[in-house]
């Protein structure tokens, strides 16, 4: 059994739950994060022989996240991810590349002081990838559920022998947006940029008269690139959360797009990646 | 095998997904519900022999929900549940009691017309139970996640041989509120009442200096009863979503309630039921 | 705000994850449990004033579970739950009733020594309720997914104006069994009894020609009561996991009960409770 | 907004639930699948203008899965995925590449005829990618949960300033195996090959004295490559499902690796890809 070659390998700690409180007198700031650490480097020995001399324990990675939160605070998740990624590469010779993924839960303030209510669903995300030569910051969001109750059609598609879908001149369009966008640099006004891109995505979704979810996807990506010159590309995955108008004719009732059953499965999935003209790709930023 | 007696039985359709759109010119209203139907009655025969003459199919129950949405609209979930519960008892001789449970998902309006974003987590709920003699309406909510980053302690508890928990003079208090409250009547200003009760729950949570989550629970229930005279009782279940301050001393760092790990399990669960003085209990409203 | 009465209250620790290993030379036994503790008693003070003198911390409850696992081992979940329930009532004057719920995950042995593979889905459960006067043991199981690909029909049901369901002369019957059964005593051959009851449930499901899921439920309960004289009653909840034959006629194909879509929602839910003739009810054992 | 370029795009139907029954007299065979379809091709127009002339509806993709199940049966998921992938490319000029992902749920036979019990957790998987020039078959499994209650250590790792983890001379090693392996060809004895590879993975896990989960991963991959010459490479992702020995010393008890808390988060994640010496990589087979 000596003819196996180890091609790729990586390891790290996932689902590190960090809640950070900053106190400014009676006024607290709350940050609620899930942090993932993934390290790539010279770890072949432990795979081949179990020798762990180069393997920073995932427990230490977790400790580092908590200690850094205390030492440096947690302001923008983009900066916190950069800090951590650079640390692991700088501090450990065997680590050649570090990837930090962070998802931020939203808490809305109830009182000016220290009470909060969590807003579920949408998460702000970042993935920072750092090695000796290069650093990539991919911002994003997931779980943003949008719905237009009109302004969407799906027609003029090809019909093969397995096609039974009627043309739809007016349908509900609903999705849960997952988006990632790659910033050109590693410093910036992350909050403002995130806000502009999110607003562009939402606006494009609501303002596009949609002939297909693909068209809506492209409009969202295009508008995001236009709204924030700091990003070079954006990738979107949009599940088509089908709302099917119920056939009420057996009950002597019409259904003028009034009563729908929302279905979970199966669902369409539409994906697309847009790049700014002239920008250079960077697949390593994504996986 | 003749000595088995059928003591209780009920059946129905669960997880009926109903999305309803009302159009007022360009302005749409969106209602997104999960509906459960449970019927109790003279269904022994089908259990004992498989004779189905009295068993309204659960598929018909589902159809009824969709047809009623078209015929009557879906304004308040309390009224829609009442309508359905009464229908099943009135229309079917074998049905002696009907229970309708509805959970409403929240969608916020993005545009004045027909675009919405879903706000996950918190659901507005109702359970209506109706039989020939009586009708009960239990309003409620689930998934309301609240957090105070200070203003909570837990001290002076008994210490047995298995107690290692240190006293906490200042801790994070976090929970996900599940609450149900029984209205005295079957007509009312459901939206206003729900709003008042929800506000009372939130205010009590934020304003109570908490010596235990039990104390907070009672304050929440008391304030809800005071805020809405239309309810006779309220039941609350509050998981204690523990946030544990990380011991950073191995890294030479203090942790002045700044860095926490949020844990999912195990968790405390605190439950309590409060009734208005002079009110009469009604267990049948609850299960 | 003085007119609120505290009607009911209870508290405890949920989702205590306990894995226990017993070593007999090279041969290990593995037990994998989720444990819930719920205590009822004289805890009004903490609700009303936040005085915690009578409130055993849920953290201590968790510690007790782990310490008892070490001191007494974990053989049968029924005995372990009894031990814990009695301890909390005996050791703490304020605790008037303790309920211990345990779910056991199944691990199959891969080697005779110390390697195991987890069998997901079905859990063995127990709920023990203990107060000064009485002790109840409710055994059970959840997540047992059964399917008959024929031998099931659903016909002769009433048709109202909302009924569109065709009669089914041959359908798939599928469910995920949740069952609880109350033992008369507190000592017994728990493993053998559990095995007999489970076998009776499975046999009744497979051998009953089913005219309704209700009929199958009753047959399962009846057979379980017959198989194990040590139980006084059994309660079953059976979701009807609908498998819908796909209409292939648009593609010029028949579908002789060959191709089905398995649906998650909506689903029927059939519930029933059977008691042995002459047995005395004990609702307190169940909630 | 004319400077956006569409770099990549694909679409398809996900979570198509297919249950197929084959009848051989009284004896039925049951197949329970989740099917995903993803198509790549000349679909730019719909993204840019909403023109759908080239866009086979995802609803038609779903119909195709059901119709093919009837026309061709569902024997091996590998063959069924190949059939579907080839169909979409052959039948539709705009489709340049099709990927079919299938997960198979396991049902064990209870009777020789038509009764089954579902075995949850582990799924058998396949991903077939087909374009004009090439076809790849990646078999696999997910959700296989394995545990060794001894025979595992983790020592001699580097200690930085954030390391507090003690060396472990004897620990529980537990994981949930996700594995994918690329076959060299497109015909084969899929069931036998899958069985051999699965057995190799399990045997390597149980027989390896583990100095790190990485070492175990490599041993598993190596043994799988040795067991089945038909595969060119294998990729493994192994979460380290930490079982932490509880500190019972506050209660005057020792804990000789007897009582553990099983934790869900955070968790380590160990990944590795092994290729047979001399084999040629094929990243397109994987994503």
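As written, the chain order gives the labels A, B, C and D, with residue 1 at the start of each chain.
Definition applied: contacts are C-beta pairs under 8 Å (C-beta built on N, C-alpha and C of every residue); 3 or more make two chains touch, one makes a residue touch a chain.
Quantities reported herein were computed from a predicted structural model and do not represent experimental measurements.
Of the two interfaces, B-D and A-D, the higher number of touching C-beta pairs belongs to A-D.
Ranking every chain by how far its Cα centroid lies from the centroid of chain A, the top place goes to C.
Interface residue usage between chain C and chain D, two copies of one sequence, is largely shared: over half of the residue numbers at the contact are used by both copies. Here the repeat of A-B among B-C, A-C or C-D is C-D, since over half of its contact pairs match by residue number. Averaged C-alpha coordinates give centres for chain A and chain D that are 23 Å from one another.
The geometric centre of chain C is 31 Å away from that of chain D, both derived from CA atoms. Between the CA-based centres of chain B and chain D the separation comes to 38 Å, rounded to the whole angstrom.
The set of chain C residues that touch two or more partner chains comprises 17, 63, 67, 162, 164, 250-251, 264-265. Remark: chain C residues 161-162, 164, 250-251, 264-265 touch chain A in the complex. Here chain C touches chain D in the complex through residues 17-23, 28, 30, 32, 63, 66-67, 69-71, 107, 110-111, 114-122, 143-151, 172, 202, 205-206, 243, 246, 248, 250-251, 253-255, 257-263, going by the rule given at the top. Considering their complex, residues 1, 3-17, 38, 43, 46-60, 62-64, 67, 91-92, 154-160, 162-165, 210-212, 214-215, 217-218, 221-223, 225-226, 233, 235, 239-240, 264-278, 281 of chain C touch chain B.
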